[in-house]
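The data blocks that follow each hold one structure.
One chain, subunit A, appears in both complexes that follow, with subunit B as partner in the first and subunit C in the second.
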Partner chain A sequence: MEDVSTSTPSTSFAGSLRGTLGNYAALLAALVMMVALFSYLSQYFFSANTFLTIANDIPAIVATSVGMTFVLIIAGIDLSVGSVMALSAAVAGIAMLQWHWSLAMAVLLAMGVGTVTGFLNGAISVAWRLPSFIVTLGMLEVARGAAYIATDSRTQYIGDAISWLSNPVLFGLSPSFLIAILIVVAAQLVLTRSVFGRQMIGIGTNEEAMRLAGVDPRPVKILVFAIAGLLAGLAGIIQASRLEAADPNAGIGTELVVIASVVIGGTSLMGGRGSVINTFFGVLIISVLEAGLAQIGASEPTKRIITGCVIIVAVILDMYRERRRSRRA
Partner chain B sequence: MPLFHGESLGKTYITPVLSHVSLELNEGEVLALTGENGAGKSTLTKLIAGLVHPTEGRMHLHERPYAPASRHEAEKLGVRMVLQELGLIPTLTVAENLMLGRMPSRLGFIRRSEMNRRATEQMAVIGLEGIDPRTPVGKLGVGHQQMVEIARNLVGDCRLLILDEPTAMLTSREIDHLFTQILALKRAGVGIIYISHRLDELQQIADRVMVLRDGRHIDTKPMADVVQNDIVRLMVGHDVSEERKRPIHETGPVALEVRGLGRGKVVRDVSFTMHAGEILGLAGLVGAGRTELLRLIYGADAKDTGEIHLEGSETPARIASPMAAVRKGIGLVTEDRKSQGLLLPLAIRINATLANIKAVSRQGWLRPAVERGQVGKLNEALGVKSHSIDQPAAELSGGNQQKVVFARWLHRDCKVLLLDEPTRGVDIGARADIYDQLEKLADAGKAMLMVSSDLRELMQVCDRIAVMSAGRLVRIFKRGEWTQQALLEAAFSGYLATQAPAQ
Partner chain C sequence: MKPLVKSLALLAALAAGAQVFASDTKPKVALVMKSLANEFFQTMEEGAKAHQKQHAAEYDLIANGIKDETDTAAQIKIIQQMIAEKVDAIVLAPADSKALVPVVKQAVDKGVLVVNIDNKLDDGALKEKGLTVPFVGPDNRKGAKLVGDYLAKQLKAGDKVGILEGVSTTFNAQQRTAGFQDAMKTVGAVVVGVQSGQWEMEKGNTVASAMLREHPDLKALLCGNDNMALGAVAAVKTAGKTGQVKVVGYDNIDAVKPLLAEGKLLATADQYAAKQAVFGIEIAVKAVKAKTPQNKMPGAIETTVDLVTK
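Right after this comes the complex of A and B.
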């Protein structure tokens, strides 16, 4: 979190590198330890194959988690992302299959659909001063229903026209993964270097104080939800490319994985504190855990129990880390 | 035999904040505890009240070793502390707050009428029988909330009472009630430790005065033997002339004019004019509508009637929100800087540039070097004491926090500045810095409207003082026309014909 709110005044590159590594050290260490553990437990784990599988597995979650990080920083929450993914993919799928749109146009359409739902989430909660929890819970249902209508409740097979997005192109990495990395970097820059990012952090810290300082919180909040929707729309396409189809049941429960990843990355549910890079590590931790457990032959129920425990322990550890840091400061 | 005895008490976090402080308190004695912010007063009293555990030293109560593990344990032994931060639950009623933990009940159900009756009795003790015990605390003004907090601590057995800046938000009438109550407690043999910055109060109420500086005990003297200047010298370590004479200076053209401004019964038909380069004071009792008037001008609340004109213009300015006010060159220093003024966990740098982020960004992207330069200069000009401009505002003392809020409006360079109790909870040294700053701002042609409950402060700083009473602006005094007596009479005038200033 230091990188966004109390960054050290390091002007030299070495200094800033040290500061940056310091912020990510704990999560990085946890990740390395997990990789070491699974490599010890399974002789097949430590291989390029495993890591490439993970890398091409996570882009949809990464994109959605970046949006969720922004939403949590302004002390909101977005429960609708899973449904919005399905709806966006559904609409894009219909556009490609029935209206014969190109993939590029369909991607834009999906992002547009996502943006509109996100905008509605933000605008409604701002206009009527409703908790975003409730508004996005409503949107979760609405978007899912709309996805069923759009696809006539059937999985729409799209095929090669979309699947190449998730196939390896560069060193075994897919276009989706490269897009996800690009999103992470851009979002971290926006968060730490832009006026919009600063306003997000300020609003999450103390909205009333921001208002009295002459900053209107409303457009910032609406924009944050719109961005979260846009990224969920993009994630819908990415997921469709992996499934080679638009599935109206896609993304059920995704919001929970996404929130868990963001929180493991140290973003506060109370707002005002968060980092996109750390969210990325949070996603990696969950996916390495899942891949590792699968490789050592853990059953699905066992996997879920262990993942749940890791989420809770990670947040407890982060709380201690944060407390020690604020005492030292 | 002393009621309480503390021997070379100390508390070290990372660095010592208190070391080798010894004190004795007798039954029926008021010991004044004073010192600049950060001198260790709060830490010392929190040790006694069981909120903080000492890292060195011993304590005795009634000649028996005393080491409370918690505030609860201290309270069981009759040691109570009224904290500076209000510990009330705003959504519960006055009675519920007073009786929290000891509500009269039958079969688990609260006996509401019995509870309200007892609460009324308790409020009457401090002269607030006019408040309905069924009122939610959040609906009361800060001053009344403070009185409820004090009343709560007088419930049950109380042998040693610690009051931390109890009068910071009270009107003089409420202070009188409080002092009467303190005298009654003295007669009942209660030992009282009284923390305050207000030296005139200490002289009125205290038997002995103890001065702390930088976590050390400087001196303890009988109150009768010292004059105010002695105490100030002990606190600061050198002479400070608190009495300042502000020259009458020329004021410029009209900066802001308010015509018939009103909102409900809180602010009624208020009209006045402010000039560039002028400090206009706003006096009145708690609940007279001063803060509310500021919020109306600032667009933080919607007005029912009236117009605001800027810079002599005949067309009324449209100020429907704080955003519009800031755009039109008005700034507000809020009464409660912790919840409304600052982003506490964030850096000084971020807090200072909030209102004028355009000056430190280009096309939506921040320019860190530019920001550092500008904030560094502001910090230096204002004398903010901090490790760096990256230090979170939460770690600063009250006075330095207030300077950061000032820095924000200097950075914005607004024409009209609305100041709500700008020196509340600010120590004498930093207070002088703030007065200097106000003067500089006036010289630079800003118009300032300053609310304060400290009449001496207003008389010292302002060119004119407007007095509000029961929502109306009753009179505007020019420098030279006022006396403390006249200002007070005006402040009470609105209530004489009608009712007491409840809420």
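Right after this comes the complex of A and C.
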């Protein structure tokens, strides 16, 4: 992306294509290796069935991870996403069960609830110049508590009315999956092709320089958190649709899975650098690992140890890759 | 909004209750629960509060819970606060069956009666401290076997089944798995995997999906609680095997009632969460009134578990 301004359009396209493939190659290789390993270990892993299940399993995490990628790019963090998922799903579930709302309205409501929490995260951290870590940590508690109040701490069974989002419609893929792919593509375009995208990277790289250049970073930051909230809200109802129930305890610890996926995708926790497509690969790596380990019947402690090691190794590899790239540039 | 109003009303009631404490000599009972985020304990606490309202003249109740089921340290702190609050008896659902024993000993030493509900305190640890703490609760293994036996009627020898276990370190999760295994052994079904769904719907769903893929001829999924069973039912549906793979759960939460009616869930067990705390409280109140010392209390009182199939 940086070389766009310095080279002619044709070479910059080839260059960026090569750069893009280079960026994805490592993650893709890791993914292929994992699939190969699990296919060797389990008789049934390498099947359309497995991959379709994983595909229909990940939309919630994909949506949330896209939002998290934006937040990390502006050097923030959002710890509240898991709770926000639960809260939006809970409110949407109650709307469907008790007020007899349609699924479409419930989806809008869930996204609305998510957007409000995200807006609050952003506005509060901007207004009082608080680290987003603390503000979203607070929101993690607030949204969880609100989810318990909304559901009376009881799992709400919604049933078929909500299942449309996760029923297969196209080659065994669900609308949720298609929505998730759309989100990834749209977000990548926003990040690389829009002023807003450049402003996000600018804030993450050097906020002071942005301000001196005459761009007010505050609305951008608030918008980023609101988007993250909106996507978490959408993720909440996607997950509720898959399980046909709203669980007030849904999404506990999801923020960590999401952050891990984003970081495996090479987005920097320090801000200023990130890619939505790579985040998508990060999600795939975590999900393939989870599905594969469950399928070979690994014990809970083993699963945790292996997942933890994969996260650390992935980030170390990414650091080397990044170092090599910056040396070349 | 209603729950909010309800909780505000509860707060007000608690505040009013606190003022009453000062003036009379009713036994003061503390109910110390596990996670109030878990609907099972929520039901238990509501049952206890309703009971106290009906018997307001006989005892006062302070109910407390911890944020999540594994926060043992927070529960120990609550018990210490209750001792400082000079309650007459503590009814405890321990987050950990061993780690809570020392603080139970502190309470008993200070003359507070302790009754154990839900999750049994470890016998060895109690013996070491020379304590007798009555356990009021269901036999989870027996309950799981009831559910498993009902499922077994629809299975034959050699059929493959999978078990979704709760948090594997908890006694209840282990007991339920053991009960399921007892039942499967009787019918000759093959348990091809026991994996933890962490008591959660989503984790249960992931694990159930994987089991269904790995064992395409799987006949049943036995789940340690209803939340995981909800996840398993969704997994069976996603796999297009509704009807072919039977699912059973445990706890009989409200959310599974429609599933039982539709036949998507074959059976579950009800151990009457609402009554468990009440049983514990009744025993505690009786002992306080009769001035029964801790070591003269009965060892165990088993409560009922019923099979629920519709």
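Just so it is clear, the second predicted complex is superposed on the first by the 310 of 329 C-alpha atoms of A that agree within 3 Å, B and C clash if a C-alpha of one lies under 4 Å from a C-alpha of the other, contacts with A are read in each partner's own complex, and residues count from 1 in each chain.
Quick note on the criterion: contacts are C-beta pairs under 8 Å (C-beta built on N, C-alpha and C of every residue); 3 or more make two chains touch, one makes a residue touch a chain.
Computed from a predicted model, the values in this text were never measured in an experiment.
A.B. asks: Of the partners subunit B and subunit C, which touch A:Pro248 in the superposed model: first, second, both, neither?
C.D. replies: Touch partner of A:Pro248: subunit C, not subunit B.
A.B. asks: In the three-chain superposition, say which chain, subunit B or subunit C, touches more residues of subunit A.
C.D. replies: C
A.B. asks: Determine, under the contact definition given at the top, whether A:Thr50 touches first (subunit B), second (subunit C), both, or neither.
C.D. replies: Second partner only.
A.B. asks: Look at A:Asp152 in the shared chain and tell me whether it touches subunit B only, subunit C only, both, or neither; answer first, second, both or neither.
C.D. replies: Touch status of A:Asp152: second partner only.
A.B. asks: Touch test for A:Asp216: subunit B only (first), subunit C only (second), both, or neither?
C.D. replies: first
A.B. asks: Would you sort A:Gln295 into first (subunit B), second (subunit C), both or neither based on which partner it touches?
C.D. replies: second
A.B. asks: Quick one: is A:Arg193 in contact with subunit B, with subunit C, with both, or with neither? Answer first, second, both or neither.
C.D. replies: The answer is first: A:Arg193 touches subunit B but not subunit C.
A.B. asks: Under the stated touch criterion, which partner chain does A:Gly202 make contact with: subunit B (first), subunit C (second), both, or neither?
C.D. replies: Touch status of A:Gly202: first partner only.
A.B. asks: In the complex formed with subunit C, which residues of subunit A make contact?
C.D. replies: 42-45, 47, 49-50, 53, 56-57, 144, 148-150, 152-157, 159, 163, 166, 239, 242-245, 247-252, 290-291, 294-297, 299-300
A.B. asks: So in the complex, which bits of subunit A are touching subunit B?
C.D. replies: It comes out as residues 5-9, 193-196, 198-199, 201-202, 205-206, 208-216, 272-273, 327-329.
A.B. asks: Contact residues on subunit B for subunit A in the complex?
C.D. replies: 13-14, 298, 300, 321-323, 325-327, 332, 334, 339-347, 350, 354-355, 357, 361, 364-366, 368, 372, 388-392, 395, 408, 412
A.B. asks: Once bound in the complex, which stretches of subunit C touch subunit A?
C.D. replies: So the residues of subunit C in touch with subunit A come to 3-4, 7, 36-39, 42, 68, 168, 193, 195-196, 198, 200-202, 205-207, 209-211, 213-214, 216, 226-227, 230-231, 233-234, 237-239, 253-259.
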